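Each in structure tokens, the structures are laid out below.
You will see subunit A twice below: alongside subunit B first, and alongside subunit C after that.
So, the complex of A and B:
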């Protein structure tokens, strides 16, 4: 029972982290990032491959975060910058293209097979009486620590203030002397860092593989249930999605895990299309 | 004044009357292009090998589905990620009917179209209140729901490895060889393309485009927005499901694994590369994207590069994605615009600049 709760909390953390990445870039650049799963697993592959080359786990994580920074900048500079301000479907389709490219790159560069990311820790952690699987513990701590860090950055630092300003009104913040390109680039980098970390933690829990980019779909569904422009909403909705998936896998059939979140999303789209915590005007603007 | 004096010298492609402005083809050059194209289509099986005729067949089926998707996504601006689901609805409807009741080929195709139309109608009902991104998300929801149902149906009621369909027959004609299929598909694709061109010129198509341009403005002009959205979804989904059934019969077998998100993305790539909102673009894009992996393979074969099969699949995907991103960034109107510019330049040769902008569809 405790293990089941821990599994849910670990997936919750990973989906929330990925979802926060999607919401951050959506708020600043108005691009719905469909490629977040592919981005996550790509960075996961970087970490897994560097461990295979003999780097210890923490160094490999740091290295992959460096890769995520570069990837975030490259994606923003060469693709997203050109379509900002275009109708929303253009941004959507460009991330579809990015997803396909990343998928191909994963095959060409890393072989596209199943690789684990071993943290090099004992298989079980014993806290008092209960034995817990260490990978889930690491994933939970890592994900929730990073979510806290992002929340602090977003609420309390200058960068976070700038991101919120751009999210609110691009033109006005540019008129106040804010470098919009730089802010959006940084938000994409933060988004990629969040996605990359989620991918690494997912790999550490189970493994990285091409099919693992399905976590992006779960995260996207979390964002839509919570409301595309709400960080609080995505964290809460990620719990709903994670719990629904874990329960379906345990009591019905692991093959149909996606159907429960999809059904919830369908209900949300019918009764409250802007999501649980989204802004109502949001749906007008898109 | 000068025009009246030089009546003889007005180029035949210039629209000088109302009939001319809405004509499908204007001028001798455009008719010549169409005739040459038709001739090339007729002669293709005579000169090409069986493999290339097979590829032409696959392209023709893709053309049928891409034309429909482009009306939905390009003209009515309802981005659909549910293309694979609609193709699958067609294939499964036809396959199950064939399996259970042994219905004839044309009836199965018609049933597939009806099933696709009904599914499209319900998705449209869901997305009536929604705008661009949320419509895309609704179709994504449809995709996952439908593919899960397929995998369930196939595992429980049909063969889990895939369902085999018999050779289709149209009265006395049995479609067996790629060449027989080719002529059948050319006729069907021509009907769909001409139908799309005519539909887009009619008041129905103009309503769809008006709703796509701006729904509030369309409503203010008296266009029934809800009806337009419902009809465009139903009609295009019916055509896509029809293409799905055709493709299932052509391949001879189908399985739920075929209808993955990658297929939906491939169709989006077709209309982006071809040209969003252009019938010619859908045709060019469908042929281009279908042939792309095979052309790449031939190129690597010619260069004598030994590349492992899975790496080759990765290279296909990278090219594919780069096409989507590149066309969106640098030529958002796609191949159709390149063709328009090329034919305009060719028509005005040897002059560098055109005096009159010629329309081209």
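So, the complex of A and C:
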């Protein structure tokens, strides 16, 4: 029972982390990032491969975060910068393209097979009377610590303040002297770091593989349920998704894992199309 | 008089078709208050958006003319670069961040602009959030509330306060009095006049309220259909018969008939 809860909390953390990446990027650049799963697993592959080359787990994680930073900047600079301010479907299609490219790169660079990311720790951790699977413990701690760090950055630092300003009014931010491109670039980098870490932690729990980019779909569903522009919403919605998946796998049939969250999403979209915590987009005078 | 801002022969075209601005020239002297006034659609907002670097992003092109700020051409600057040169802009709408608190609104302005060295001519009287909250008591009471709950006058104060924190050299206020009660309108204008008097802040006011603006401006330019139709010092404009009749609503001694007004409009449009 405790293990089941832990599994849920670990998945919850990973989806929430990935979802926060999607929401951050959506808020500042109004681009719905379909490719977050691919980005996560790509960075996961970087970590897995560097462990295969003999790097210890912590160093491999740091190295993969470096890769995530570079990837975030490159994606913003070459793909997103030019379409900011365009209608939303343009950015959406670009991220579909990015997903395809990353998929190809994962096959070319890493072979696209199943690779584990071993943390090099014993299989079980004993806390008091209970034995817990270490990978889940690591994933839980890693994900929730990162979420806390991002929340602190977003709420308490100048960068977070500027991101929130750009998220609300791009024009006014620039009029106040904010370099909007720089702020959006940084939000993409933070988004990629969050996605990358989620990918690494997912790989640490099970393995990275091309099919593992389905975590992006779970995260996207969390964002849609929570409301695309609400960090709080995505964290709460990720719990709903993770719990639905875990319970379905355990009590119904593991093959239906992806159906449960989608069913919840459908209900939410009918009742509250803007999500549980999202704001209704106002209709602007043109 | 040294001109801080010089606009020469500015021409702006919307979507390749509409010439919204048809060769406007004006200048704003250092330490002066200048009013750019006219009716709806005269081209006031387009002119100031050209100055603050916003037109190229909106399917609008500057097809001719020069804009110089402190001797430097700024027509090709990006908006944030114009802001960092010391051009602070209070837009007509969307002037504060609704989802941020009053304090955070001011913080954005404070963190966005970093002054390098000792740039001359910039108004550095207001350096901290406390300075602004001391200046506007109404804001101090609501410092930790979301700005969405502010009244129209408080939003105007917050927007001007945020601009003051960027150490402006030129403060451009678009529609200083839009949607404000007459008494608030007076307060905003008086405050701008006070900032100008006490700290030598150069102000460019863009407004429809010709009388209000001319009560504090040193110079005025009246726009119609994308052209400057009257220009001159406050005294000159206030004495001018046409300005009195068509913008200030004061009747001349001799009654003008409908035909005269129509003729006047025609002359103005094509002159």
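The working rule: the second predicted complex is superposed on the first by the 281 of 286 C-alpha atoms of A that agree within 3 Å, B and C clash if a C-alpha of one lies under 4 Å from a C-alpha of the other, contacts with A are read in each partner's own complex, and residues count from 1 in each chain.
Going forward, contacts are C-beta pairs under 8 Å (C-beta built on N, C-alpha and C of every residue); 3 or more make two chains touch, one makes a residue touch a chain.
Everything numeric here is computed off the predicted structure, so don't read it as measured data.
The superposition on subunit A brings subunit B alongside subunit C with room for both. Using the contact criterion defined above for the overlaid structures, shared-chain residue A:172 touches subunit C, although it does not reach subunit B.
Of the two partner chains, subunit B is the only one touched by A:107; subunit C is not. Of the two partner chains placed by superposition, only subunit B is touched by A:256; subunit C is not.
Contact with neither subunit B nor subunit C is seen for A:148 once the two complexes are overlaid on the shared chain.
Contact with neither subunit B nor subunit C is seen for A:4 once the two complexes are overlaid on the shared chain. In the superposition on chain A, A:158 makes contact with subunit C only, while subunit B stays out of contact range. Contacts of A:94 after superposition on the shared chain: subunit B is touched, whereas subunit C is not.
More subunit A residues lie in contact with B than with the other chain of the pair subunit B and subunit C.
Touch criterion not met for A:267: it reaches neither subunit B nor subunit C. After superposing the two complexes on chain A, the closest approach between C-alpha atoms of subunit B and subunit C comes to 16 Å.
Across the complex, subunit C is touched by residues 85, 158, 161-162, 164-165, 167-169, 171-180 of subunit A. The touching residues of subunit C, when paired with subunit A in their complex, are 52, 54, 57, 78-80, 83-84, 89, 91, 94-100, 104, 107-109, 111-113, 162-163, 166. Residues of subunit A that touch subunit B in their complex: 32, 79, 82-83, 87-90, 92-94, 96-108, 111-112, 217, 224, 228, 255-256, 258-259, 262-263, 265-266, 269-270, 273, 283-284, 286. On subunit B, the positions that touch subunit A within their shared complex are 73, 77, 79, 126, 129-134, 136-138, 141, 144-145, 148, 151-152, 265, 268-269, 272, 310-311, 313-325, 328-329, 332.
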